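Here chain A shows up in two complexes: once beside chain B, once beside chain C.
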Partner chain A sequence: MTKTVTDVICPFCGTLCDDLEVVVSDDGKELFEVYNACAIGAEKFLHSQAKDRITRPRMRQEDGSWKEISYDEAIEYTARMLADAKKPLMYGWSSTNCEAQAVGSEIGEAVGAVMDNTATVCHGTSLIAVQDIGIPSCTLGEVKNRADRILFWGCNPAHAHPRHMSRYSIFPRGFFTGKGHAGRKMIVVDPRPTDTASLADIHLQIEQGHDYELLDALRVAFKGEQLPDFVGGIPKAKIYEVAETLKSGRFAIIFFGMGVTQSIGKNHNIDAAIAVTRDLNEYTKAAIMPMRGHYNVTGSGQVWGWLFGFPYAVDLSRGFARYNPGETTSNDLLRRDEVDAVFVLGSDPGAHFPFSSVKKIYNLPSVAIDPHETPTTEVCKVHVPVAFVGVEVGGCAYRMDNVPIETRKVVEAPEGMMTDEEFLSRVLARVKEIKGV
Partner chain B sequence: MAIRVNLITGRTIQQGVSMEAGKEKPAYTAACGIIELDPADFKKLGAFRSTNVRVTSNHGSVVVKAIEATQGPHPGVAYIPMGPWANMVVNPNTYSTGMPTFKGTPVEVEVAKTESVLGSLELVRKGCRGELA
Partner chain C sequence: METVTLTIKNQPELYLEADNITPDAFAGKKAEEIAALHVYIGREQHQLGDFFEVSGGAGATPEETKVVVNGDLSRVKYIGMKMTGGEVVVNSNADMYVGAWMQGGKITVNGNVDAFAGTGMKGGEIVVNGNAGNYLGAAYRGDWRGMADGKITVAGNAGSDLGTFMNGGEIVIGGDVDVHVATHAEGGKIVIKGNAKSRLGGQMVGGEIYVLGNIDVMMPGFAYREDVDIEMDGIKGRFALYEGDLGERHRKRKGQLIYAKLYQQIGA
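Right after this comes the complex of A and B.
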């Protein structure tokens, strides 16, 4: 027999959908079906059942082959590596719960590590901009109930946050948005006519890398001042039209993604986007929100915010928290050979860092904590598989709008498998022993 | 004949699904070991769809399969889904922001019919050992 678990939280993207239904066996050991999830979320749940899943830690041998080791040996290696290093990098933290992030932070303090999360290659530049000029934001509930002007800038939720539009931003009927999609105007700015853009009322196919100019042009257009004939490849009439559309709404929301954070200009692009939002508030209510990727990258920023005062790139190597993006960020540290050990949990820099950084990890003592086999586990010396957070263990996660949601355990992890938090707690205890604290 | 295009990277739903199903599997290579080119750029390149091509930038080089843009047209712009293949060629410079320049790398694309697209683990392993062509 089977049973259905309802109101399950999806641990894939920052949308953190909370309406999934999962069919599991009566004893809770097998997972059969996932309902309501997007294709990616469903795959994440189903992959936990893979028959070829790695369930025990392994260590790389001289000849390149793997040797299975016990969790105790993996804990010893990890604790020794971190305790012996002068300045270890502890990276990732976005695909795990806040409880594990807190324990990891304590390890970081004990060993004087640099703590960095995936924002460093995602919305790190947004965080810099927020510190520069602040952010007028809101929750996704407000978007659903109030927003009638939706602007997606440099993001493609149809692919990256597949249920964002149906749950919050475009299609749902909310308290003041009873007509749903029909009552909303949707604008997309993207150098490609993406699947998201195909749904839009207006698509501005901007020349790649000209976001700053176009954002500034919008600010000019709000004031009705003169524009050049084209900005970023967009004719001025179109820019005035978008400006008027935004101004005429009751509640405008700008969602932005990697198109602006990773293109040249970086944090200054976000400065300009926030300034557009601020200016728009002269005419109507407007808010702006980053489309956070990992389901709990926001949470790691929150945890470090209240522990250290900074949301990412926190350097604890001097015994107190320092923060200086460009210096204390993972890719800069790796490329400049400024770290002497790498610990990765809840992320895959092997696949998602530029290769020059991956090569540096390969040449350092390194441990990867990940349920999957990934390019990171391929270049690390020790791979520790753990239970899937949000599938095999619960814990707190923060949605992209900074709303904390408790994820749920729906199925048992394979026997004898540790969770992130258990593994980190054991490493912390061992680090304290080695350090004599 | 080689063409020059502006390379951007990012998520696709196929990338997300195959990533969650296991990056060691062939489906991940099929989803991410590709470059999406505009039909106009295919014409300039003088290549059929689904031909292997070598993509080269100032920062590295990688072999991927060229397919027609799924979210086009975007002449002059090429797209490799985020992953180890794209990261072989993207601009790693952060310009003191911490963020590598994942979008907007000028690249050269040339036909490489005889070369094969490596799987993600093999690509990274060979790259680290200096065994890539």
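Right after this comes the complex of A and C.
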């Protein structure tokens, strides 16, 4: 027999959908079906059921093969590696719960690590801009109920956040948005004709790398000042039209993604987009929100925000928190040989970092904590498989709009597997023993 | 003026944080005392003497102290940080944060400097006889009060994010610069003798930029006003004057908006 668990949270993308239904066996040991999730979300749940799943830690041997080791041995290796290093990098933290992030932070403090999360290759630049000029933001609920001008800048939710448009931004009928899609004007800024852009009322097909200039042009247009004939390939008449469209709405929201956060200008692009939002508030209500990728990268920024005062790239090596992206960011540290050990949890730098950085990880003492086999586990010395957060263990996660949502356990992890939090707590205890504190 | 000479004898594993290499930390100390000052590698504390040969002695005050640093310093950070007086001469490339938060005195680098040189500078002078990295004379992360006073001169090129949030002082670049110059600046003066790429003066409130070479892309928020003749500090010629950033907020004087000014040379 089976049972259906309702109101399940999807631990995949920053949309953190909370309406999934999951069919599991009566004893809670097997998971059969996932309803309401998009394809990538459902896949995450079904993955936990893979028959060839790795359930015990492994250590790389001289000849490159893996040897199974116990959790105790993995804990010992990890604690020794971190305690011996002068400046270890503890990276990832975006696909795990806040409880594990908090224990990891304690380890980081004890060993003088640099703590960095996936924002470093994603929305970290947005966080720099927020620190520089602040951010007028809102929740996705407000977007659903109020927003009638939706601007997607350098992001493609149709593929990266598949249910974002149907649940919050474009299609739903909310309290003041009873007409749903028909009552909203959708603008997309993207050099490519994406599936998201194909739904837009206005698609500004900007020349690659001119986002900063176009954002500045919008600000000039709001003020009614003169513009050059073209900005980033967009004719000025079109820019004035978009400025008018945004001003004439009752509630405008700008969503932005890696097309602007990781292209030339980086934090400056977001800085200018926030300035556009601020300007719009002179005429109507406007807000702006980053399309955060991993389901709990926002949470790791929150946890470090309240523990250390900074949301990513936190250097604890001197016993106090320092933060300077460009220096304390993972790729800069690896590129410049500033760290002497690498610990990865809840991310896959092997797949997302430049090859030169991955090579550096390969050459250093390194541990990867991940339920899956990934390109990262391939280059690390020890791989510790753990239970899937949000599937096999619950815990807190923050949605892209900074709303905390408690994820749920729906199925048992394979016999004898540890969770992130359990593993980290054991490493912390061992680190304290080694350091004699 | 007394001179302390540091010669690097052991290269650090990882990087050395040597914020004690300043006339301020050395003043009134003998060579042995200077060698006992702290440096850091990651979380480990060491002594300056573990990495440097120290000779000579310091003056009684920072103003009477000159520090000469020899050998390869490309893995040494924070040279001259927060110094208030005296002189530092670096006969090599230096890593990040040379002269960060400097208040007075002079630093001469006979080589290149990496990023964040002159961060949050308040006074004094930095001369780089090579190239400078990104964020030269910029504000520290999250600080909206950037370089306040003092002068930075670079013989070669500079990287991106030059003079972010600059409020005062002067930066002169002999060569070319990368993107984003004087972003959010409220004052100060930047002279670029070579070429600039794009995003000059984005979100700029006040201050001046002079470019003697080309500008790849002008910000849409900068509007051409008029041609003017300029003669100052070895710069002479006819310049096109642009004002901006029109999209940004600006102060008013006698009812008139005061814009930042960008001068581009168009003739001798």
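Methods note: the second predicted complex is superposed on the first by the 437 of 437 C-alpha atoms of A that agree within 3 Å, B and C clash if a C-alpha of one lies under 4 Å from a C-alpha of the other, contacts with A are read in each partner's own complex, and residues count from 1 in each chain.
By our rule, a residue touches a chain if its C-beta (ideal position, glycine included) is under 8 Å from a C-beta of that chain, and two chains touch if they have at least 3 such contacts.
Because the structure is a prediction, the values reported are computed rather than measured.
Judged by the touch definition given at the top, the superposed model places A:Pro375 against chain B, while chain C stays out of reach.
Of the two partner chains, chain B is the only one that A:Ile40 touches; chain C does not reach it. Within the superposed three-chain model, A:His294 lies out of touch with both chain B and chain C [touch as defined at top]. Looking at the shared chain after the overlay, A:Gly319 reaches chain C, while chain B stays out of its contact range. In the superposed model, A:Ile264 lies in contact with both chain B and chain C. Once the two complexes are overlaid on the shared chain, A:Asp340 sits against chain C while remaining clear of chain B.
After overlaying the two complexes on the shared chain, residue contacts for A:Gly124 are found with chain B alone; chain C is out of touch. Contacts of A:Asp132 after superposition: chain C is touched, whereas chain B is not reached. Applying the stated contact rule after C-alpha superposition, one finds that A:Asp348 touches chain B and leaves chain C untouched. For the contact definition in use here, the residues of chain A common to its chain B contact set and its chain C contact set are 128, 264, 325-327. Those residues of chain C lying in contact with chain A across their complex are 13-15, 17, 40-44, 96, 115-116, 134-135, 140-142, 144, 179-180, 183-184, 198-199, 202-203, 217-221, 223, 245-248. Touching chain B in their complex are the following residues of chain A: 12, 38-40, 43-44, 47, 50, 120-121, 124-125, 128, 156, 158-160, 162, 191-195, 197, 205, 208-209, 258-259, 261-264, 266-267, 293, 313, 325-332, 335, 348, 350-359, 362-363, 372-375, 378-379. Chain B meets chain A in the complex at residues 6, 8, 10-13, 16-17, 19-24, 59-60, 69, 71-74, 77, 79, 82-84, 87-88, 90-92, 94-104, 120-121, 123-125, 127-128.
Contacts from chain A toward chain C in the complex involve residues 85-87, 111-112, 128, 131-132, 210, 212-214, 216-220, 222-223, 225-228, 231, 264-265, 268, 271-272, 275, 279, 317-319, 323-327, 336-340.
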